[in-house]
Amino acid sequence: MDMNEKKVTEKVENAEQVEETKLPDTREGKLVKALIEKAPYVEGNVRRERRVEFNVPAERIHDFLELASETFEMLMQISIVDWLKEGQFEIVYQLWSVSESVHAFVRTRIPREDAKLPTVMDIWPVAETYEREAHEFFGIVFEGNPRLGPFILEPREYEKHPLRKDFNLIPYVKAIYGDDFDRYDESKTYYVI
Amino acid sequence: MNLLMVMLFAPLIAGFLAWLLDFKVIREVIGIIGASIPIGVLAYYYSTVTSESITYSLTVGGFTLGFHLTMLTWYFAVIASIVGIAMAFGMASTSKSSYDWLFALISFTGVLGVFLSSDFVGFFLFWELMTFGSFMMVLKRNRHESLKYFVLSIIGAYSMLVAIGIIYAKTGALDFNTVQKALRLDAMVGSISRGETALIYTLFLITFGVKAGAVPLHVWAPGAYSENDQSYTAFFSGALSKAGVYGFVLLYILMGAKLYTALGVFNNHLVFAYILAWIGAITVVVASFLAVLQEDIRKLFAYSSVGQVGYILLGLGIGTGLGFAGALFHVLSHAIFKSLFWLVTAAIILRTGKTRFEDLGGLAEKMPITFTMGLIAVLSLAGIPPMAGFASKWLLYEAAISAHMPLVAGAIFLGSGLAFAYVVRFLYAVWFGQRPSDLDDVKEAPLPLLIGMVILAIPNLVFGIAPGLVTGYFNRLFGDTIVGGNYFRLVTPTGTYNALLVTVILIFGLSIAGLIYIYGAKTRKIPVINTYQSGNPVTEEYNLSMRKNFYRPLAEALGFWLKYSWDRFYERLANLTEDFADWLREGFYNGNAQSYSWYLTIVLLILALWGVL
Amino acid sequence: MNVQYASLLIAIPLITAFFVPLMKGLGEKAIKTYVLIITAIQAGIATWVFEEVYTTGKPIIVMAGGWRPPVGIDLYIGPFAALFVLIVALVSFLMAVFNFRAVKVEPIDKYAMLFLLLMLGATGMIATGDIFNLFVFMEITAITAYALTAYNKTGEAAEASLKYMVLGGIGSSFFLIGVALIYGATGTLNMAQIAQLAGNINPTVAQVALALVIFGLAVEAELFPLNAWAPDAYQAAPHPVTAMFSAFVVKAGIYALARILYLMSAVGTWKNILHLLIAMATLTVIVAEFSALRQRNVKRMIAYSSVSQVGLIGLAFALGTQAGVDAGVFQMINHAIIKVLLFLGVGYVAVQLGGAEIENFRGLGKRMPLTALGVTVGSMSAVGIPLFNIFWSKLRIILATVDAGYAWAAALVLGASVVEAVYYFRLVHAIWFTGEGERLRESAPLVAIMLLLIAIIVAIGIYPNYAWSLSQKAGNDIFNVAQYIKNVPLMGVGA
Amino acid sequence: MGENEGFINYELQEFKLFEPLFKWARKKSLWIVAFCTGCGGIEIPPLATARYDFERFGIMPNPAPRMADLFLITGYVTPKTLKRIIVTYEMMQDPKYVLAHGSCPINGGVYWDSYNVVKQLDKYIPVDVAIAGCMPRPEAVMDGIMEIMRKIESGEANGWKRYRENYEYYRKNQDKLFGEGWREKEAKRWLAWI
Amino acid sequence: MFAWKLVLEAIGMLIYATFIGFIFMGIERKAMARIQRRIGPPIYQPIIDTLKLLGKKESVSHGFIYDFGPVFALGASITALLFIPMGNFQLFSNNADLIVVAYLLEVPMLGIMLGAMSSGNPYSGLGVQRGLLTMVAMQLPYGLAIIALVQHWGTFKLSQLVALQQLQGWSITVPALALAFIVFDIVFQALLGLEPFDIITAPAEISMGPMVEYGGKQAAILFTQHAIQLFAETAFFAVLFLGGASNLLDLFLKQLLVLFIAIFVASIYPRFTIDQAAKFFWKWPTIIGIVAVLLTM
């Protein structure tokens, strides 16, 4: 158990070192530099060849995305990370630039309680489905998205926004499936499937 | 002999009385009596007609109007009166105004007069009367369609008048017998030139083409048939289009020899008949394709009616005895099954008030009797063996192929395929599938309409199982046996068709299938919403049947041809004439006296020059 | 009642016309009843004359002042003249009834006088047997027609009557020159004698004389280029006068044209004139029909239709065959009845609803059903629908035309009548199936007249034998010039 | 759907004379409803290929439930899919058998603790044969099919009879999971999309 | 005297035809399997399938017309069968001719359509539309092929046709009729609903097309109908172009020949879409048909 913890911490340290060094003058570096000039409020770095990252404050996310959409034509995915301890959601917009074939991760942080974000449907209409899914599983409200509401899940799961970390799964499943949910044993900490 | 006159004018007088005594029930009773007198008289005359023909003449305004009831005219008159009675019963429940009764019965007299008259003046008089009656029925509902119909029919009628005038000028006689003798004599002598015969033929072709609805002149049919009280359309398309066909038959009788000598022969087909056959073939194909792509019930049956009359023209065009038998038989079968279709449509529109396919659906449970009548009509039109439709189509196939007209026979095949397609589409869109919510309180059709339908359904079955009855009549009509065999069996030089045996074996086959059906597990009735929608549960509001543009793929396949339409062509022509009329008025009556006096001087100049030249 | 009383037909309207100013003081209603009585008397005499001629079979010859022609002027009332004098009288009588309601403009006595003189002129033109006398009566008709057209005192009426006067004047002056030439060549004015001597006049003089006479009468008879005045005159004139115009004034012109045409049939270029007349008549029909197609004013539309039907009559007369002439006369009778009915109906609607625009006619079926029925029956028979009277005469004309070898003319005329069917049935549709309105009270006498006319139309439509026999006798009278000459007792001047 | 009552009080047809023949025929010609639920759907096509070829046993995939009689549940069953399975199962005509693939239909398998996977399929529709293995190999599936055939031969494969006799039990379980009148609600929910 | 011999012959022939029809369906599936190097079901598999369907304990129906459809289709197929001369059994073939049989072979289509329509299922609606369009598309070439044949032999009577072909050699020996043979073979593919034209019951796309709602005994009736139809059409093909047969074995071999042509074509070609099929039918087969017809004018 402790072995993998050690590995995790090493990775975290060397990630910071890369932070201080100046942006490498590769194609991705030039790209990030160009974007940062246009949007000073953003810190961006080149993670590796054809992979770029940006951290954007929540209130400027929409302007930055408009800016980025010139080079990064495609919105691949909107994924959400639920940092329960910091009480924040981290929303990751994964963009892909067809022209330079570079993958960009744009990260923002918003508070967990009544999380709100402006929709990006006006830039990429495809965002509608990703936002609806995010809304269904995490309860983030995207203003401007016409079709928020129950999407795939059964209505009763929809109210619970199941993928939030504070959703206690086991009692809910026991409530639904009752006696045939028989393999859970509080005493064990891990389970043999 | 004035029984003939009683038969002829009974509908007219009944119509007039119905118009005068405009009370709810009396009007219908008078109408039905008036419409049933002809069939009575004709039945009475059946025995005498087969031996010798009955004639009666009347002098009106210097002309002698002769009427003759020969076997041919008896046949056409009987068809018209059967359809007439069905119309009367239909109108008893669908039409609420005496206006309809008056003009429907006027057109009924017109049709009977056309069939019975034995001279050109009477023929022209009743032809105009028939057109006028049917026109007024359409005028009440839609001005544009009615004017389109009237202009085309009047052009037809007047071209006939000019042709009659030419014949009168050449032969000096107006009644059919003398004209026939004179023209047969003239065929040898050849005093009427080739050009003039061609002119007379084209004029008659236009006249009867318009009334029968041949392709270039069929434009009025969809509008006139649908903008009308549907039970009258049963008569309109069942009997009136037969007047056009009777005209072509008349053409054969009167000018057959002359046309043969004048226009000659093209690889052993009579030229004038060959033209007629090709017109018929094109009508069949074009009208059937258009019928398949229609979205409105009435339009579909209108184009289908034009197509079916195309078959009859084709049969006449073949020119051999068999072709004639096939065509005349199809006249009968088309009259009965098409009028049955129109009565069914009348019932649907009366009960649901809707005419487009997308608003209808699932009426089979609500109107079972109308559905069975519709099914009989479907079987007959599609040409399923035990029905009359098949017998006449069979004769047409025999005639077309044995007369070595292959491409024309190909047109029949394609036409019958298309007929099958649009008839099944009608069944699917109207009777089956989920019922739209606003059609839930639909009741069965009223009793008189049902009687009308039954009157038309019985002959479909009777002549289907025993086509020999009709072909036997034709043999007596033409003198020699064209179609051999007894009541139930048709024998032609190239093929046989035993209708009774086919029906018996069909029943035998059905009984075997029924046995297998009974042997299996007892069936449990489930509603229409319990269908396999890949697992999705289905409720009332679902509309799972494709009622709207059912044949979109066919429309895409025919995209190239559908760009052109005869309708737009005629609209542009009409506007052209109206603009020309305006230009003429501005040009001539421009209102200042100087130009008028200039006209005077011009006339003086002409007179002066004329005198000197 | 010996035969000479027939001259009363001319005398009565003449004398009574000049008594009218004396009665000016008695008020409008009295004058109108006075006109009514006069026309009634005229109709009575006309029926007596009609009985006389058709029972004895011999024409009535009245010699003015007992002198035998060619010195004296004679009235020749043959079968045609008897028939048409009766029609003139009856139509005038009906229009006199219509006057009560239709004519409101002030100087009613002048109107009455002109009304009677118009009737006189027409009767005279038909009954006379002398060319110059024909010219005199033509002038009387023409002048009263100019005055009556302008009677409504509107700008449009004045302009119409001016145009009518200009053209009419030119026409009648050329007619006078023609008559003078004929008189110079033959030395006589009597029609019968002219017919005798027509053969041996030197050809060019005869030809020019005939051309000028025909031209003069053609203006009155509304043939193609010369009828430009007709539609405006018809529309502008008061309603009863329009009916009289189309019913008998034009007919008198056409009759005169036909009479002289057949009298001079011995002239060399007769055939060419016939061809020209046929061409002009066909063009009349076509141009009139086409210009009626997009008319907003119903009265003007029916005026055009009347001009075209008169053209049809002209065509029938110009064929030069016995069948053609009979058909032409039959058409004249039918056309008179229909046009009276139509103009009566349209006039009454114009009076009642103010103006003859087509908008007033929308929903007429609900507002004035009987008038609507009258107009509908009139228009349907004008189109030539079988159960009405024009069908038989149009059929006769077409058969005669094609028989005489002019198939192209027949085709064009029929094409034009298709156009006629279109605009008449647009009117019928507008009347019965569009618009709405509540039922108005219709005046009893006019409705009675309309129903009477409808009855006559349908009667002739269903049983045309009697009317056809009348027109055959009348047609024979015009066509059979030899019989005409024999009937007139001549003084034997010249060969 | 209210009309299923007819489904219950409908007495079945007993063919006395030809029963053995029909039993043989039912064994030799099993038609599979082409309804692949979870991750096992990809296991069925190899059976139809040249190597395993279940067609030689007369087995034919048939998309229409009315004609089919073998219902393969090939993987985890989510409540949404279960609704479709129940509707399709009730449409199938009577001697019908269910073959459950893999461990998920048995006890929820890997998704034992997921809210979205049905833990025990047998509570909702009767399962005749269950094949163990987190997606059994084609040989195992073939063996399962052989097992179904043997059961039909011996007459034990009467899942359909069990479903019909204690229909209330199954109905109660279904309504407990989905809530009362779930068919109308489900239909209305998807009506907006059509 | 009631022709007992004829009736018995007919019933015997009917049983023989049904059995051989099922065998043909079995051969069809077996041959397709062997081509794909699979073992494939036993030849009598369709019989087992039909028995299983007949043996279903429960049966469901959407109303009277839903049941009347398959019964009418089977009845029409049986009627069509009994009018085709089979080898030495003339059955009723001198009472009806080519046109009657051609029409009777198309009537089952209406029966199936009736049943499919009344079930109110979207897939069956699509199946009906495609079935009709295929039929409309193939009607012209089908007609032209028949016309060419009849014009050459000058008669419609099937028995006479067979006699003539026995004397003067099979139809395909005549060049013009060879063209007609090709056209008829393409149309035959659509008549049977085999691969390139199985648009009607496209299994993957619209789940068995019209048959979607059929189960239990109705499906059994439809299977027997398909068997009889297969037998009747192959026999019709053999009678028209391969000179009919003197005895049943000869007929069986010819039917097999025709069937195998169809199977080989079916196992190769992918499926047409419906308007491609319409365009295809109105292009090549029609042109060849017209040429054949003009040659035999």
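Just a few scattered comments:
Letters A, B, C, D and E mark the chains in the order given here, with residues in each chain numbered from 1 onward.
Quick note on the criterion: a contact is a pair of C-beta atoms (placed from the backbone, for glycine too) under 8 Å apart; a residue touches a chain by one contact, two chains touch by 3 or more.
Because the structure is predicted, anything quoted here is derived from the model rather than measured.
Considering the contact criterion stated above, the chains in touch with subunit C and with subunit D alike are B.
Within the contact network of the assembly, the step distance from subunit A to subunit C comes to 3. Between A-D and B-C, more C-beta contact pairs are found at B-C.
Taking the mean of all protein C-alpha atoms as the reference point, the chain centroid lying nearest to it belongs to B.
At the far end from subunit A, in terms of centres built from Cα atoms, lies C.
With centres taken as mean Cα positions, subunit E sits 61 Å from subunit A. A separation of 79 Å divides the Cα centre of subunit C from that of subunit E.
In whole angstrom, the spacing between the mean C-alpha positions of subunit B and subunit D is 58.
Here the spacing of subunit B and subunit E, counted between their Cα centres, is 35 Å.
Those residues of subunit D in touch with two or more other chains are numbered 10, 12-13, 64-66, 94.
Counting partners per residue, subunit A has no residue that reaches two or more other chains. Going by the touch rule set out above, the chain pairs that meet are A-D, B-C, B-D, B-E, D-E.
Taken in their complex, subunit A has these residues touching subunit D: 153-154, 157, 162, 169-170, 172-173, 176-177, 180-181, 183-184, 191, 193. Per the touch definition, subunit D reaches subunit B in the complex via residues 1, 3, 6-7, 10, 12-13, 35, 64-66, 83-85, 87-88, 91, 94, 183-184, 186-188, 190-191, 194. Interface of subunit E with subunit B (complex): residues 14, 54, 56-63, 65, 67, 70-79, 82-83, 92, 94-100, 103-104, 106-107, 110, 113-114, 117-123, 125-126, 128-129, 132-133, 135-136, 139-140, 142-144, 146-148, 150-151, 154-157, 207, 212-213, 216-218, 220-221, 224-225, 273-275, 278-279, 282, 289-290, 293-294, 296-297. Within the complex, the subunit C residues that touch subunit B are 162-163, 166-167, 170-171, 174, 204, 207-208, 211-212, 214-215, 218-219, 225-226, 228-229, 231-232, 269, 272-273, 276, 280, 287, 290-291, 293-294, 380, 384-387, 391-392, 395-396, 398-399, 401-403, 405, 407, 410-411, 414-415, 417-419, 421-422, 425-426, 428-429, 432-433, 463-465, 467-468, 472.
Contact residues on subunit B toward subunit D in their complex (touch as defined above): 520-522, 524-527, 529-530, 532, 534-539, 541-542.
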